[in-house]
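Chain IDs A, B, C, D and E follow the sequence of writing; residue 1 opens each chain.
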Amino acid sequence: MDIQTLQQFNWSAMTPEFIILGVAALLTLLDLFIPKHLDRRILGWIGIAAILGAIVSVLSLAGGQVTSILHDTFRLDSFAIAFKLLLLAGSGLVLFLAVSYEPKDGMEEYRGEFYYLFLTALLGAMVMTSSGDLITLFIGLELLSISSYILAGIRKYHVQSNESAMKYVINGSISSAITLFGMSYVYGLTGSTNLLEIAKGLLTVQDTQHSYLLGLAFLMIFVGLSFKLAAAPFHMWAPDVYQGAPTPVTAFLSVVSKIAGFVIVIRILLTVFGSAASVGHPNQPILLDMQDYIAFIAGVTMIIGNVVALRQSNIKRMFAYSSIAHAGYILVALTTLSSNMFYSIWFYLLAYLFMNLGAFAVIQVVTEKTGSARIADFAGLYKRSPVLAVIMGLLLVSLAGFPGTAGFIGKLNIFLGAFYGEPHYVLASIMIATTVVSYFYYFGVMTQMFFRPASDETGKFNIPFGIIVVLVIAVAGSVLFGILPNTAFDFMTNNLNNLADFFS
Amino acid sequence: MNLHWILSILVFSPLLGIVVLALLPKTQEKVIKAVGLLATVPALLLALAAYLHFQWGKDLADFAVSVPWIQFRGMGTQEPVFSVYYELGMSGFQMLLVVLTAVVATLSAIAAAKFVKKEWKGYFMLFLLLETGMLGVFTAENLILFFIFFEITLIPTFFLIGKWGYFEREKAAYSFLIYNGLGSAVLLIVIMILFGKTGTTNIDLLTQMMADPNVPLSSDLKLGLLIALLIAFGVKLPIFPLHSWMLKVHVQAPPSVVMIHSGILLKIGAYGLIRFGMGIFPEQFKTLATLIAVLGVINLLYGAFLAFIQTDFKMVLAYSSISHMGIVLIGLAAMNEAGVQGAIFQVVSHGLISALLFFLVGVLYERTDTSLIENLGGMAKGMPIAAGFLLAGALASLGLPGMSGFVSEFMAFLGLFKELPWVAAVGTIGIIMTAAYLLRAVLGMTYGKAHREFTGVLDLKGVEFVPVVVLMLLIVLIGVYPSVLSAPLQTTLETIMLGIGG
Amino acid sequence: MSSVPASAFLALALILFCIGLYGALTKRNTVIVLISIELMLNAVNINLVTFSKYGLNPSITGQIFALFTISVAAAEAAVGLAILISLYRAKKTVNIDEMDIMKH
Amino acid sequence: MGLSTKTGRCQALLGFDKIRVVPGTARRGIVIMMENAWLIPLFPLLSFLILLLFGKRLKEASAYVGILFTLASLVYSILVLFERFSEPTYGTNFEWLTIGDIHLTAGFEVNQLNALMLVIVSLVSFLVHTYSKGYMNGDERFPVFYAYLGLFTFAMLGLVISPNLLQTYIFWELVGVGSFLLIGFYFYKEEAKAAAKKAFIMTRIGDVGLFIGMILLFWQTKSFEYSEIFKAVDAGAVSGTMITLTAILIFIGAVGKSGQFPLHTWLPDAMEGPTPVSALIHAATMVAAGVYLVAALFPLFQASKTALLTIAVIGAFTAIFAASIGLVQTDIKRVLAYSTVSQLGYMMLALGSAGYVAGVFHLMTHAFFKALLFLAAGSVIHAVHTQNIEEMGGLWKKLKFTGPLFLIGTLSISGVPLFSGFFSKDEILAAAWEGGHPILFFLALIAAFMTAFYMFRLFFMVFTGKPRTEMKNVHESPANMTYPMMLLGVLAIVAGYVNTPWFGSFLGDWLVDGNPRLGHAHVEGPIWIMIAATVVSLLGIFMAYLMYYKRSLARNWLSGTGDTLHTILTNKYYVDEFYQLTVIAFTKGLSYFLRFIDVFLVEGLVKGVVGIVQGLGRTGSRMQSGQVQTYGAVAFIGLALLAVIYALTGGYLR
Amino acid sequence: MTFSGEFLAFMGLALVAIIGGVLLLNLTKVVHMVVALIFTFVAIAGIYVLLSAEFVAAVQILIYSGAITIIMLFGIMLTKHDDESEPKTGKWRKLLVFLGIAGFAFAVYIGIYNFNIVQVPTTLHENNTMQIGKALYSKYIIPFELTSALLLVALVGSIILAKNEKKEGDSE
């Protein structure tokens, strides 16, 4: 393969990645060379600018044909664009949080590093969305993971941060190993790492042992990747890590990292296992065979997430469980494999992005003010800062899935999928029952904010600019997509071709 | 004349009040109260205008509005079908409930201006949101829109109870939230199954489709859906044994909220059962009629017997609500014109009566800091007018002819006696028990030796007369001349009867 | 052609994977835990390389995948160790069961 | 929607379209009075409303408002009655409530019975209004009293011109409320409170019977109209069992209102109300409504022998049962109350024996003499401020008007010949005998004896002998109290002559005119019945004379204080206690049992579910031990579990 | 199955690898464990050679036996180690983990014990390194470049985390 061959590829499809990568490198250098005493926040703003640039370039790429570079090691299809947008938007908001992040014991020394490590993590996530090759996907995954490990531990004189990073890295490595173990079998049964080739190769699996092994590989990959989703059974790291990590990182983990996780899960499971023939049912792909397992995992995830969240007294831990629960909801959509699955997952993640990041923005402000993250610290927030309290209330309501907010429409989509075609009564019932359970803890925060008196009424909150931006966007998004969800649906239908090019 | 926008204005007009309130400073107590009260007026006027519109012989369908709203994508070949419209409409039945809502809301606002002692701004904002939710519930023409408004009522109510209630308010608020959350969860499942199976949530369309044998819903599934609906609305109504939340709410919530809650919110359950349960699944409803009748009688008697031994008047009223909602069930179970009309009458009538009684409870509590029957004994001495209205309210509640309660009770039993005379006969014990517990409670409070000094200006005064008199007049009006309600209902009844095939 | 069946290599990989896993989940020393994870990744590599030769469609890709895995494993080990050191600074212990300030 | 329906609905709302004359009774003559008979009840209603709104300002002048409006009713009633003498029944209806294709109507009808009742009610009401001005003088809730009286009168008048069962039921209940309010007029008295409550609830038990009966009848005949019902019954459209069932159920309503056994206990207690109220409601009008109801539905009852027999038996039993209690009571009003119960029993007996005319006749005479007795008793109480007859005595001289008037009433009720009570009682006895109930006849006879005895016991103890306690300031009541009594006294004497075996049965003929179903105008009993009745009553009087005037016979010669019989009687056969121990205890018990269910089962269930959820949460959070290896282990064990399950079920092992 | 040289080599290498692993689990001194694992890593390299993957084998030796083991030893030296004692908690966990692993191994083993596919001759052993190089720099150029970013991140990250900028005294 010579340089001409390389040049014939449409490398412009990778513009967003290049922007992020380039700016990450630029930030590294800047961090080295600009004087120590200068505020590293400027790097953050550059990062935000880079993300905006990337968003623009992604949007300009939307609507085109599938671009495939080098045997799909890079692949830009509608699916990739749709989710890349989510990742970029999420990361952008997180960066806004990060530039306003002022923890008590300071993070000044590593602020510069934070920004470029953050961008590389984003890069990893973006690569995960747009690749049709196991190796690239894996590298993207690891790039995201390793960056996240470091980000989680970046407050290195903060024991909790260290511990959370340690837990994260150990669990993450085990999960990588398990995923890889599964992938190795998939490779073994097809001799290729290209997803579409794998799919083609698996169309005709004759040997029942092979399809059995594929099933096992499915389980391993799925369980391994459930680490990224923070879904059962690989969910237990989440609370500890969320609690210990710096708040923007927690926000990042709970939103961007999770979106990336779903992207890779969908990509691998649907292409590889969506076409592989299964034992005994030659016409039925393994994925359908495995539906019960996904359903089981989804159900358990929702139950654990919602039920254990009831017992939490730390807001960040509570949100960890809440994010576990939300992963469970999205897994329900995945389980149903209905034709609106892409829509419902994408929309849910979109809604989740706004409401969760908004909530984390409030959490960040409040925890910085009080120096701890107890839910009880929210007491009397309504008295101290009505605006914050009302916004938080709105976001919590959205998280709980009440109508008028994006969270509701997201759930509606999932339900529609669950009952359309072959109905999944049990799973949907679990989902809705646990949703009701979730009212307890979401409204528990409300109780603190609105009903309880503040421990000290002194001190106004001054809300930094970055937080204001996040809050405005989050509230606008949560409400807009709750009232006019068609804006999002139309965008997807008109620009993204219904994600129909996913399998081709 | 194009009247499509009227309903939207009617439903969303309280939101304007919210906006204005949001801009007002917290401390302007008087202005806030005035704005809160005024914001309920447009809805009231429009509702009354709609009533007149009907009475002038014009068609209520003039108000119907239908605008495409959400299209759920990715539903394969049935692409255009899975869409939700923003559609509001008004039948005679809905109009009555809208009028009821608007009236009670305005009166409740007066009560709130009187009884709420703190943070009026927040109170009225939530209150107005609640009103929008309620109005929306009764005008929504498709299930999803209905559900949205239904849920919208939950949140403000939660806060209104939890923040402005009495001692155990938070517990009550949670109880309310979780029970109703579960109820609406079940409801959502039903809605989504219907949506998923048929591709529409328009109520009229669904009604037609369910009558069509080609629709791919097995009768077992329909029965299951109806039972689910019964549970969903049973929580709201409430039906035994799903009632315990409601007791807490009645006791703990501030009186102005209980007026709304008992007057309107509980009625959503009845509305849902009639409109969706009976409307969409008439055949299955017939299958369950006996069960529903028995449930109704259980409700009626259970509430009555328990109300008989309560020491707190609020508890008496709470159990009495359970009991009275039993009559709604009884009427529905009859599945004939008389029964259904009786149920609807009971919905309206109980809305007015309980609003009246709870307003009076609010007055009493404000003056005496108690609602215990024993502590209030002999209050007729100190506050004769209040006592008089209390007694009148109780008489209305126990179904005294000439007041609204009787007409509804009468029709409900009239209906059920035709279909299930034995069940109905057992139910009539409830009529006696109602008299027994209400008189026990009300006489216990008003009559007898006064246990305490009722000195100072205690009796009703000034603006407090407005809700009391208005409600009383309406109660008597309906009781004396029930055609004000029955005339608008006939079309609705015909439709329902057509579905039942009776 | 080989006299050693592919399943033998696979079985070896499986055994090593299990040993690594057992070590990762039971050993108390964090360094050993990290090393055990490396062992697991090694097992994966054996699989990949085996399939590269004895798979359904033998190709060089397996070996390449293994190389990527190795490099990622190295990076992970490095980062893991770095985190361990920074944690050690605070807690003066490398015992994994003492890392439990955040729980429940 | 067609234009016609719209206008139709519009008219329906205003209620004009459906006004129609009852078929067959359309009339060419000028019936201006009857056409507007609906005004009669409206006068008192107006009075009620005016007093409710402006009573406080009118103060004592309220009385004039009440009296004036009632007078209007009275005058109008009399005019209507006279018109009814010459014209046939007039009735009219308009649509009241539409239920699908069921159209319920409201309206009024003036037939003989109704016209008669209108006069009785408005007359007694007018007299009581007048009387009360004196009696209630000085009470601070004077206007309220008149307002209540107005309400009651309205309801009672409405009741007696109702053309259908539903409307009857409506006014039936309203009458009950009026009674309830007036019994509880002295609301600060615990006894009044209890009595009011009891009255309402016990009559409501009866009302439910009426309610059920009425509805069942509706579904049998598809109408509430009396005329339609009778038509259906005549046509045999209703099965015999159904007739019996509905008739008995409706009779239960009458039992409640008219204080028949076993629902009689509220009536004596109702004497807690002001005495004029007792005269109006609990003697003359409302309690007679039960009798009126049975009379109004007489063709229905006649269609069922069983129902009639039931009525007769209950009536006779009540008559003697209440009379026996009356023998030993010491409260002047209670004696009268039990006598009322007993007399109502008489009327029921009459109706049950198919003696329609006898029943209505006695209803009328009883209204007059019992109202008289109560008003006189009120006058006595007004004078001496006690109700205990043991504390009275020798009032004959002090109360110049009241004494003789009371005596007239007593003579009349005792059935002394030439007084009105004599004729009506005789009619009843004859009806019972002819109706084929010899046993009931003898019961009635004994009751008549008892009546004479206890009434004269009352008379002698109150008016003769020496005062048993010191009484000061005993003076005759003012004129506005005595005049009404005098009028009633006259009526108590002469009212009987409208229907006598000697001068012709004018009333009877008129009542049954055009209605052969109602039976004979006059039952011709054997002559010995009249003699027996006279003898029995005179015997009673004589015995009372011996015991309480001459005192030649010891008061306890048969049974005195402390004896079993006496104790039983003074305790009214322990019926109240029996109810207390059974019905009320059962209700309370059930309530507490249900509360147990509510607290433990319903709440317990909820707590259980919440507990499970929280328990799960607790377990989950305890598993979150902070041990990273546990986390990994859980994840891996989860995977292993899935893998094993897969191997065992989904794999090719399957 | 014949006892060919290849088979014997495999058996030997596999045995060493497994023994190394078992020793890792059973030794008490941390350093001993790491050293035991070196045997495993080297044996695995041998296996790679058997599988015609010379380049991977070389990398394995360099990176695992060399680099990674060395960092681990550094790590061990930089931190203080008690003698490996049994953790206080986790008897049950150990048992459960063991059972889980047994179950997992069983399930997977069913899948692979009879893994039969028609073996086709490969050219992997011919110019192995060149083949890899060509593939890496053409087809897999994107992941390859990404890996460089990844390694850079790991490098920088490790430095920031491990470097102690504070004085000894105020680190606590």
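Observations on the structure shown:
The criterion applied here is as follows: a residue touches a chain if its C-beta (ideal position, glycine included) is under 8 Å from a C-beta of that chain, and two chains touch if they have at least 3 such contacts.
Being a predicted model, the structure only gives us computed values, none of them experimental.
Number of steps on the shortest path from subunit A to subunit B, with steps defined by chain touch: 1. Leaving out subunit C only, with every other chain where it is, the touch network remains one piece. Taking the definition of touch as given, a chain qualifies here only if it contacts subunit A and subunit D alike; those chains are B, C, E.
Seen from the C-alpha centroid of subunit C, the farthest chain centroid is that of D.
Distances between chain centres, each the mean of the C-alpha atoms, put D farthest from subunit E. Measuring from the average of all protein CA coordinates, the nearest chain centre is that of B.
Chains joined by the most contact pairs: C-E.
Distance between subunit A and subunit C, defined via averaged C-alpha coordinates, is recorded as 26 Å. Between subunit B and subunit E the centroid-to-centroid distance comes to 69 Å (mean Cα coordinates, whole Å). As a whole-number value, the distance joining the C-alpha centres of subunit A and subunit E reads 30 Å. Mean C-alpha position of subunit B lies 64 Å from that of subunit C.
In subunit D, the positions touching at least two other chains are 621, 624-630, 632-633, 636-637, 639, 643, 646-647, 651. Taken residue by residue, subunit A touches two or more other chains at 135, 138-139, 142, 146, 149-150, 153, 156-157, 165-167, 170, 174, 178, 185, 209, 212, 216, 239-240, 311, whereas all remaining positions touch fewer. Across the assembly, subunit C contributes 20-21, 24-26, 33-34, 50, 55-56, 58, 61, 64, 68, 72, 75-76, 79, 83-84, 86, 89-90, 96-97, 99, 101-104 as residues in contact with two or more other chains. Across the whole structure, chains are in contact as follows: A-B, A-C, A-D, A-E, B-D, C-D, C-E, D-E. Remark: subunit A residues 338-344, 397, 402-404, 408-409, 412-413, 415-416, 418-421, 423, 425, 428-429, 432-433, 435-436, 439-440, 443, 446-447, 450-451, 485-486, 489, 492-493, 498 touch subunit B in the complex. Partner subunit D is touched in their complex by these residues of subunit B: 55-59, 240-241, 243-244, 302, 305-306, 308-309, 336-338, 341, 378, 380-381, 395, 400-402, 406-407, 410-411, 413-414, 417-418, 421, 424-425, 428-429, 431-433, 435-436, 439-440, 443, 446-450, 481-484, 486-487, 490, 493-494, 497.
Here subunit E touches subunit C in the complex through residues 1-2, 4, 6-7, 10, 14, 17-18, 21-22, 24-25, 30, 33-34, 37, 40-41, 44, 47-48, 50-53, 55-56, 59-60, 63-64, 67-68, 71-72, 74-76, 78-82, 84-90, 93-94, 97-98, 101, 104-105, 108-109, 112-117, 119-122, 124, 128, 131-132, 135-136, 140, 143, 147, 150-151, 153-155, 157-159, 161-162, 164, 171-172, going by the rule given at the top. By the touch criterion stated above, subunit A contacts subunit D in their complex at residues 166-167, 170-171, 174-175, 178, 208-209, 211-212, 215-216, 219-220, 223, 226-227, 232-237, 239-240, 279-280, 289-290, 293, 296-297, 303-304, 307-312, 437.
Residue ranges on subunit E touching subunit A, taken from their complex, read 107-108, 110-112, 114-117, 134, 138-143, 146-147, 149-150, 153-154, 156-157, 160-161, 165-166, 171.
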